Every structure is written in structure tokens, then in C-alpha cells.
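Shared between the two complexes below is chain A, which has chain B as its partner in the first and chain C in the second.
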Partner chain A sequence: MSNFMRVMFVLCATFVLGMQNASASSVSCTNATDTQFVPSWGRVEVGTDQYSRYIIQYMYWDKIQRMQWLGTNGDSTFEPDAWFYNYGDQGGLAYGLAPAGYWYSDLPAPYVDTQFEDQFTVGLNQYLELNETAVTVGSGWAVLINPAKVYITVTRMTSGRGSSGWVKLSAQRGRQVPATCMTTWCSFGCDTNNNYQTIPFADHFTIPGCQQYNWLWDITVRRTC
Partner chain B sequence: MFTLFFIILFLIVLAFLAIKIMQTLQARGSVLKVLMLIIVFATLFTVSSTSWTRDTTYNVAIVKPLEYGWPISFYFLDHPMKEVWQAPMVVWSNFFVSVSINASLWGGIFFLLAVSLRKRKVVIKPSSFKYFLMTLVIFILIMIVSIFVSKAIRVWKYPGMENPVTLPVNFSNPSYDAVQNSTNIKL
Partner chain C sequence: MRPAKVLLLSLWLIVPIVSFAAPPVSERIKDAEETFGQVLKNTPEKEIRAAAFFTNDMSLENVRAAFGKSPLVVKGFRHGTQSYSGGYSLKQGETLDEAIASYSRDHLFFLQKRMEIEDQALAKETNNDLRKAMADHRKEADQMEADFKKNGIRVVGVEVAGRARDVQDFKEKNSFVRVIELTERGKPQSAIVPQR
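Now for the complex of A and B:
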């Protein structure tokens, strides 16, 4: 086989493998109910300081049973997603666009989530835009999350075109693919019983501001801080 | 991990192609073959550059001209691959212009290199592992410089973004008062 043929072979293999990797947007998981991974309590603060806009999230599982799925799957991941409302045709302009700059979390193996594979639509000036922009810091090793401890995620973000807006929170469980890889590129959401909206857009929770929720922690309730 | 793997794989393929192009140019091979190789090289280089010119630590939408590949911004990889054929024309036009610019740029560089080496009576042989390694190192250097440049532009464009966000002072206390408030509601 000539060098040229060898190069072409590697080239084709690269494309095939790359496309397979890129198209794997979710993975199959064992069954779970919402009370086995959604935090019992959570709080979100969205605001701005002298440098940029930012989002802080707190989350808390009150007992080990509330995180049973996370704790019994060694390759589990968890993402407390925050989505900014950006439906321009309905008058919505996102307050935050994408994570940028400083970020921190005390979740195990934290990572800044990518907007890779999020659905773009053609917006103003022919630029592709997201109707909902995700700003998330997730955990690539959720099996190590402990109950009865308040966890925090914080990240700065680039500003959207809105001076205010709506935000929703959702709790997403997932798995490492391949197992033991804990970066954003290896965390895939589960294909079932996923994405429970702990604060939905329907609440019209306006940011900047602060809101907290209880999720089936005796009751499900949402209120301002 | 996957990203790094693909970037390295791409760079190896690019180095192979670069050597092949220069061999063909030195041997005064068919123009059609050279053109085809340069187009394949430019396409791969453009696709590859989408990975190494954006700051994956801080996600997308930071530095438009750099994050989506040299030299023109486009959103090829941010559109789901399974629907890439439905991508708006602006994506493809930007992509093809990027490929054309890269083909002209790199075609010129390879031509000058091949001519220069031939004048010095240096012949790149098909099994020339030394030149392959040299080319690979050059591409890796280009990638590293691009990463730093895109990072520098981000820091310049968004000053202060690296500063920590001030957290509530009582955060370090596990019995955080907000949880306490929730408990009150629960009770």
C-alpha cells in the first residue's frame, strides 16, 4: 500500500470515528426516578459585578436516598443546567450567552459544559443563535457527591443582548463515555428520565435576581430568595 | 480526551499530506494530483483548526475570528453533524472561503519550500521520516501558538473575566442559612 493510500485510509477512519463521536448526544442509562438524582433544594443567583455577568448555583441533597442513582453508578455525571431565554421572535433576549473567564465549583471533577451539539437557529445578521443558551458547570464524577452538603457552582459569562431576561434550571443526569473520562467532552446526558426542570421558564423568574426551590423535599415549591 | 486524540490524528494526517505535496512538487508530478492534495490538505486544516483555535476551557462564542477556524469564523462543528447538510448557506460559504484561503496560503508555502529545497539539492524521499517529524512539530507549534493567541485575545477583549466572583461569606458553612430557610418552609 502506498503512503498516499495509507493517508487516505487514516483520513476516512478519522471522519467516520469523528462523526460517530459527534452524533452521540445521549446515552442509555439504568432507570431512575427524579427523587434519585434531582437535588432536594437549590438556589440560583444571577447578577453582574464590575467585570461581567455571572451565575451562582447552590444545590443540596438532604439524604443519600435522594441521590441513589448518582451514588450507585460509578460512571454517573450530573449537570445543574441553567438556560437563558433567547427566543428573539418572541421578544426574548438572553441575559447570558456562554460561560467565559472565571469559574469554580466544589462538585467532584467539575467542568464547564460546552454548547457543542446544542440546537442553533438562524438569528439576526444570519448568525446562528441558540433559542436557549446554556451556562452550566457540571460534575464529571457524580458518584462522589455527598448528601447533606451544600455544593456550589459559579461562572462568569458573556453578556447577551438583554438587560434582563428569564432563566430556567434543570437537573440532568448522565454518564461518562468512556468511563473514567471526566471532562465535558465525555459527559453525555441520559436518554430517559432526564432534564427535570426545577425552575421552568413558565415561572417567568426574571433575572438579575435570586430564586430557590424545593424539589419534592416534602413539597415542591419555588420562591424568591 | 477525544478532542485531543482527534487533533493529534488530524495533525499526523496533515503532516503526511504536506510531505506528499512537497514530494510531488519536487518530482514535478501531475498538476491535478498536486491540486487535489492541496485541496484535501486545506479542507482538513480548516476543519482541524476549529478545534485548536477556540478556548475549550471557556466554551464557545468568545473570540469569533479565531474560535471557529482559520481564517474566517464559521460554525461548522457547532451544528449537529447529523443535520450538517441543513446548515444555512452562510456556514458553507464561510467554510469554502476558509478552505480556499488556506489552499492558496499553504499551496504557496509548499511550493516555495519545495523549490527552495530543490535548489539546495535536498530531496524529500517518500520514506523521509525526518521531514515528516519536522512537519508534524511545525503543525503542533502552529496549534500551540494559536491557542495562546486566542486566549490572549479573549483576555484583551473581556478584561477582568478571570477575576473571582465574590461569594456570600456564609457559603463555607454547610448549614447554610438558605437551606435553613428551606427547612423552615418544609416544617
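Now for the complex of A and C:
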């Protein structure tokens, strides 16, 4: 086999294996540590006005090494997920259910992620049955995220039954499958070391409110804004 | 290996590495056209959800007018530039006029909210690098506000529901439509933003 054919075979095999993995809920990725994709700093503000509830997230990677995995994988994706505590039997009712209405972000190729196929026609009961409800604006093209730059995501959301509640943030790395597809349906979480909770439920961060974190940026610390 | 082969292999290995420096919009458009083309050919009566992305950005009012007689149902709007992107998804039962009013109101509300948050952060932040990055971000918000005051929301695409053949008909009658992309179960996906 010529060298050319050998390279072709390896790349085709990689693509096929990648597609096989993508049929599950995760995809194989090259190894990474948390300090190669989790933001150095982040901030979340959850609030309400006369129209609806909303969530605003900020994130910042202080230097290129902190986003090494995102920056060296051309098909990388990134999701700063916000999860609302909805363990009703343990006294918690979700403050937010799903993105709805206005949204924007300056993350590269942003998309809205929800747990159901259509956030506006799905029955309310389906959300109420979940123990955690996610509201996410992700980046479908995370290789273009820059270090030393602040990014923002904003979205309004539908209200859960709680007038207050807890929220956790998690930073998730993933890949586009197939590459160049930038919808939420093509963004798969990595199968290992994919997800770190930058603000865990255990903190009992109560919303509406504002919290910020440093993730192994000097230290790991969380505090009110 | 012959020199021609070496050159071919080198190019083949180098091009993908270089190409992810910029999103391959042309590739995505080609994929979108092929996928929608297949649906149109095989099942023209099928009810679909799709995004129509534009050649140039447009005012909300002009987009509203373009859908005046169309049988398509507008599900959402998309706005953005090369540096940010977003949109507005219509709520159940919300009319187009109500959505347009809410969209403009929210765009300004969240811009002002962002400025307020970033001004507070700048006053409190002690890390110089983060302060500088936040100050740059705050300046971008000023620019976004100036753009909004001058031009309003500039729409780069709409999300619609309807029969595949009606979506194609809308594209054929409106030369500002650059590409139709299926939205895969209706979730807002990253926009194809007009090149400036």
C-alpha cells in the first residue's frame, strides 16, 4: 500500500469511527484536562422582568493554554450549560425550563440548545418531570474562541414552578459530527473528561441572583457578584 | 513517491488544517442546498422547518412585508454580524407584529442590561487582564447600541414552517434569500451571516 493510500485509509477509518460514536449521545475525543477548555473565569446572572425570566452568562479564558483543546481541534464545540434544580420530591422546583424568545451570543457560531425538539410545542409536563432542566447557548465552532476576550450569552426562558431555586453551571466540550455542521444536533459531548461543574448545586447558589467563579485561575473560588 | 504525489498529499493534509481558521460557509451552503433539494424533489408536500438566510441584512419591517402573502409561518428571526449573532423565537400564539415589537424591545433591554453589568464589573474587578478584556467588551456594546439606534435590528434570516414547495416558492420570489437550510426539529442554529 502506498503512503498516500495508507493516509487515506487512516483518515477514512477515523471518520467512520467518529460517525459510529456519534450515533450515541457522546463522541470520542482526544484527551484533555479541565484546564484546556474550562473558562478561567465566568459569571452568571439569573433574573426576571415583567416579560419573562432570563439568564446572562459571561466567560473568559485568560490565555491560549487554557483553551488548548478547543483551539487545536478544528471541529470542537463548547456548551456553557445552565441547569435548573427541579427535584420536586426534595423541595426544589425549577426556576427556568427552556429558552424562549430573545437570545444572542458573541461565541463563534452560537446556537440554542434545548432538551426537546421544539421548546414551544412540547407539553409543560415533560419539563416538570425532569429533575434538571437545561438552558444553553452553545458555540458550534469553538476553535474560533479567542483567549483574553470576554464572551457573553443571553437568553430569555420559560418559567418553572419555583419562584426561586438553585442553578448549576457546567462547561462541556464536544465535537461537530459531521464536521462543518454547526447545529445543536451535530454537537456531541466528548465521551471522557467532557464536563466540569463550575458552579455545582452543592453550592446552593440561589436565584434570582448573580454568582461568579474562577476555575483553577490562581485558585478555584466562587462568590457573589 | 513521485513529486506530484508528494505535492498532492501535502496540499491534502495542509488544506484542512488551514481551512478551520474560517468557517467553510460555502461548504455549509452547498450541503444545505443539497439536503433541501432532496426533500423538495422527493417530498414537496412535506411540512418542514427551515431557516432562510439572506444575501444582505434587512430591516424587520421589510422582512415583515415580504411575508405578507406567503403561506409560510414565521417561527423566528435571526440577526447578527461576523462578531455576534442571535435571534427571536416566536412564542405559541404570538403574532408577527407582537414578536417584532418584543424583539426590538428585548434587543435594547439586554444591551442596556449588559452595559450595566459590565460597568459594575469594571468598577469591582481587580485583575488587570480581565478588566482590559471586559473594557473591550463594553466598547463593543457601545457599538452595538449605536448600530441599533442608527439602523434598528438588521435581520439576516428567518425560521419558517410550511410545505417544502412553498418554502422553495418563497425563495424563488425573493432574490434576497441566499439559502434554505433545514432546521432539524426547529432549534435555532448558528446563522449564515452575510459577508461584508
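Quick note on the criterion: the second predicted complex is superposed on the first by the 189 of 225 C-alpha atoms of A that agree within 3 Å, B and C clash if a C-alpha of one lies under 4 Å from a C-alpha of the other, contacts with A are read in each partner's own complex, and residues count from 1 in each chain.
Keep in mind that, in the parts below, a contact is a pair of C-beta atoms (placed from the backbone, for glycine too) under 8 Å apart; a residue touches a chain by one contact, two chains touch by 3 or more.
Just so it is clear, the structure is predicted and the values come from calculations on it, not from any experiment.
Of the two partner chains, neither chain B nor chain C is touched by A:Ala202.
Once chain A of one complex is fitted onto chain A of the other, the partner contacts of A:Cys225 extend to both chain B and chain C. By the touch criterion defined above, A:Gly74 lies against chain C but remains apart from chain B after alignment on the C-alpha atoms of chain A. In the superposition on chain A, A:Leu144 makes contact with chain C only, not with chain B. By the document's definition of touching, of the two partners only chain C reaches A:Ala109; chain B does not. By the touch criterion stated above, A:Ile56 is placed in contact with chain B and with chain C alike. In the superposition on chain A, contact of A:Ala98 is made with chain B only, not with chain C.
Residues 3-4, 7, 41, 43, 49, 51, 54, 56, 58, 60, 99-102, 104, 112-114, 117-120, 148-150, 152, 154, 156, 181, 183-185, 225 of chain A lie in contact with chain B in one complex and with chain C in the other. Every residue of chain A that touches chain C in the complex is listed here, in rising order: 2-4, 7, 41, 43, 45, 49, 51, 54, 56, 58, 60, 62, 74-75, 99-106, 108-114, 117-121, 140-141, 143-144, 148-150, 152, 154, 156, 180-185, 225. By the touch criterion stated above, chain B contacts chain A in their complex at residues 1-3, 6, 9-10, 12-13, 16-17, 20, 40, 44, 56-62, 75, 77-82, 88, 90-91, 126, 154, 158-167, 171, 174, 176, 178-179, 181-182, 185-186. Put simply, chain C touches chain A in their complex at residues 1, 5, 8-9, 13, 16-17, 19-20, 23-24, 27-28, 31, 79-80, 83-92, 102-103, 106-107, 109-110, 113-114, 117, 120-121, 124, 129-130, 132-134, 136-137, 140, 183-190. Against chain B, the residues of chain A that register as touching in their complex are 3-4, 6-7, 10-11, 14, 17-19, 21-23, 25, 41, 43, 49-52, 54, 56, 58, 60, 97-102, 104, 112-120, 122, 126, 128, 148-150, 152, 154-156, 158, 181, 183-186, 212, 214, 217-219, 221, 223, 225.
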